[in-house]
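Letters are used for the chains, namely A, B, C, D, E and F, taken in the order the chains are written, and counting of residues starts over at 1 for each.
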Amino acid sequence: MLHTVNKSSFERNSLQSCLNTIDDTSVILLIEDGVISAAKNANSSMLADLATQGRVYALQGDVDARGISSKVADNIKLVDYAGFVDLVVEHGTAVSWV
Amino acid sequence: MLHTVNKSSFERNSLQSCLNTIDDTSVILLIEDGVISAAKNANSSMLADLATQGRVYALQGDVDARGISSKVADNIKLVDYAGFVDLVVEHGTAVSWV
Amino acid sequence: MKFSIQINEGPYQHQASDSAYQFAKAAIAAGHEIFRVFFYHDGVNNATRFTMPPQDDRNVVNQWAELDIKNADGEPELVVCIAAALRRGMLDESEAKKNGIEGNNIHPAFRISGLGQLIEAGIQSDRLVVFGD
Amino acid sequence: MKFSIQINEGPYQHQASDSAYQFAKAAIAAGHEIFRVFFYHDGVNNATRFTMPPQDDRNVVNQWAELDIKNADGEPELVVCIAAALRRGMLDESEAKKNGIEGNNIHPAFRISGLGQLIEAGIQSDRLVVFGD
Amino acid sequence: MAIKKFMYLNRKASYGTAYAIESLEVVLIAAAFDQDVSLAFIDDGVYQIVEGQNTDGIGMKNFSKTFHALGDYDINKLYVSAESLEERGLTADDLMPLVYEDEDDDWEEKPSVKIVSNAELTKIMSEQDVCLSF
Amino acid sequence: MAIKKFMYLNRKASYGTAYAIESLEVVLIAAAFDQDVSLAFIDDGVYQIVEGQNTDGIGMKNFSKTFHALGDYDINKLYVSAESLEERGLTADDLMPLVYEDEDDDWEEKPSVKIVSNAELTKIMSEQDVCLSF
């Protein structure tokens, strides 16, 4: 499955809820304000394990818009919208943690 | 000052942000989904100190709507909309943590 | 006391407009004055005369209209931010004509005006209360 | 592959509609088919033909219209939920007439229909992606 | 056409936003299609099915009773996160007694609500073909 | 009429929602009224004034440069929560260098942004007459 998270983990509980129920093969894509959770910060340990496994992506355009492209945490992979489409194709059911 | 918080502390960080910057004389009114934070639960310790000082209110109508009127934490005072108006009159500047 | 209210969200999606309406009604019942209600962000959508809610539900737009909040000159003090309104597709007759659009959707109990009206409400009122997301 | 998209929020207030548009454009560019875009909740507000954004900003409604998503019968597959639309003041000509309201505001690139169209999109498509608050 | 598994993901309380009521409206329509339907109540979504909701004080429609109709439409897989309930100081007794009549078991009345751990929910979600989020 | 103290409370990042851009639009209008204006950037609101925003990839308007105009309108009290910055791994160097020319000090260019502790912010908020929240 592909889980998309579009809110900052500082503001909302959606990333935490996603992490509570994600299975061993699914991946996470951070979009919109969700990319704030991709930056190195006090909340970034939430994602670190999954990122090490290559299972965390962030949308480049949203990262750039928020001025945090130099701060993206290790092992988080950046994709553009074409990459977003590919992730949806590859990972089956899409779950949005809106 | 009167601080209104309208979101659940499980979903958002607005109650925590309010508590981070509230001064010694201001009061908090929980409205809408904010009343979820008025119920006895894992997050209710956030408000306990202020409630003991008589500085936490919750809107009765919103508490009833969410079916949690029997669960309101100790020392939180219930008000109706007329009471909301009175709180705004009594406490000066109103700050909404929307 | 003189109150003003800012509403940041539209009808039916968020409780903000309902809460603000209940607050305004209670304030009026307690003898206070509502100087102005300012609709900003998606709040501008509260002013649509096209709303058709289900028969068993409240009509958020009409509730506001029935409060009939006007100033001494008889103008509505349910004020819709013009900048926020135009991008979201809320138009009165004059804006529609100016922009060459056929039709308009602002309820006559509301009027469109600039953001200065929000600042003025803050200056003129004893209290300004914000209802939002 | 066959995609459908659900959009839960209106234009300009949330990024949801912008993100969904960029996603749809990229999917089409990659050779995929957009079976249907379903506008629900405040998402129905994306269908207004009254929108007048500032000249230096994108026009969210027109962007969708220009994607020109239609089915084999030539009908728009930008579908607006009728129940969500009516309460929020989004009307096409037929609904306006039926309800005795003068005027309408649905852009011709969109059509109003029932919630069954969302379920059908889920059944007929290989993937359904939700964009929301 | 093969039957698909649809999950309706409910994470928000009623009344504060429209997501709860408009999610329920979709689910009722979904019953007319011959698909496999599950509802998940996670986070503040669990408040949607708390017993004893009364909206008289806020002027909004109390639609909570409509959840009782789901059983009549053969929608009887309502999964509630045990962890979400517990965090909120709620138990099974706080929830509406939603039931359905099991046609495969002599129309015996059975509970529609199943309280499941996040681990169980993870497994259920993994099996879905379509997830609609509200 | 006495001058009132207006605070604009910004708690959300730009682009994800309209609150940031539409808050800035109010602030620019506010400059025309002769009031005492402060802006507070708390929580994810601090991202509004991070340097180097580029919206080319999302098709939305980059309005971040407009913050530079505030100084010209005598709006020069931008309070940023130190705790909010730190939690997010940000420092003063990550913020746009927003300045104003101080007419009381021979038009010397001075920084508009002040990084303050939550305790200081509490005090500043306590002094306000009107708080507009976005």
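Following the convention adopted for this analysis, contacts are C-beta pairs under 8 Å (C-beta built on N, C-alpha and C of every residue); 3 or more make two chains touch, one makes a residue touch a chain.
Every value quoted in this text rests on a predicted model; they were computed, and no experiment measured them.
> Given the two chain pairs B-F and C-F, which is bridged by the higher number of C-beta pairs in contact?
Between the two chain pairs, C-F has more contacting C-beta pairs.
> If you average the CA atoms of subunit A and of subunit E, how many Å lie between those two points?
So the centre of subunit A lies 27 Å away from the centre of subunit E.
> Taking the mean of the CA coordinates per chain, how far is subunit C from subunit E in Å?
35
> Just the number, please: Cα centre separation of subunit A and subunit D in whole Å.
From the centre of subunit A to the centre of subunit D is 26 Å.
> Spell out, as numbers or ranges, the residues of subunit E touching 2 or more other chains.
11, 15-18, 43, 58, 60, 129-131, 133-134
> Residues of subunit C touching 2+ other chains?
Residues 8, 12-13, 15, 19, 22, 41-42, 57, 83-84, 128, 130, 132-133.
> Two or more other chains in contact with one residue: find those residues in subunit A.
Residues 6, 10-11, 13, 32-33, 61, 80, 93-94, 96, 98.
> What pairs of chains are touching here?
A-B, A-D, A-E, A-F, B-C, B-E, B-F, C-D, C-E, C-F, D-E, D-F
> So in the complex, the part of subunit B that touches subunit E is made up of which residues?
Listed in rising order, the residues are 6-8, 10-11, 32-33, 36, 39-44, 59-62, 64-71, 80.
> Please name which positions on subunit F make contact with subunit B in the complex.
Going through subunit F, the ones touching subunit B are 9, 11, 42-43, 83, 118, 121-123, 125-126, 128-131, 133-134.
> If you look only at subunit F, which of its residues touch subunit D in the complex?
15-18, 58-61
> For a test of understanding, state which residues of subunit F touch subunit C in their complex under the given definition.
1, 4, 6, 17-19, 22, 25-26, 29-30, 32-33, 35, 129-134
> In their shared complex, at which residues does subunit B touch subunit C?
Interface residues on the subunit B side: 4, 6, 31-33, 61, 80-82, 84-86, 88-89, 93-94, 96, 98.
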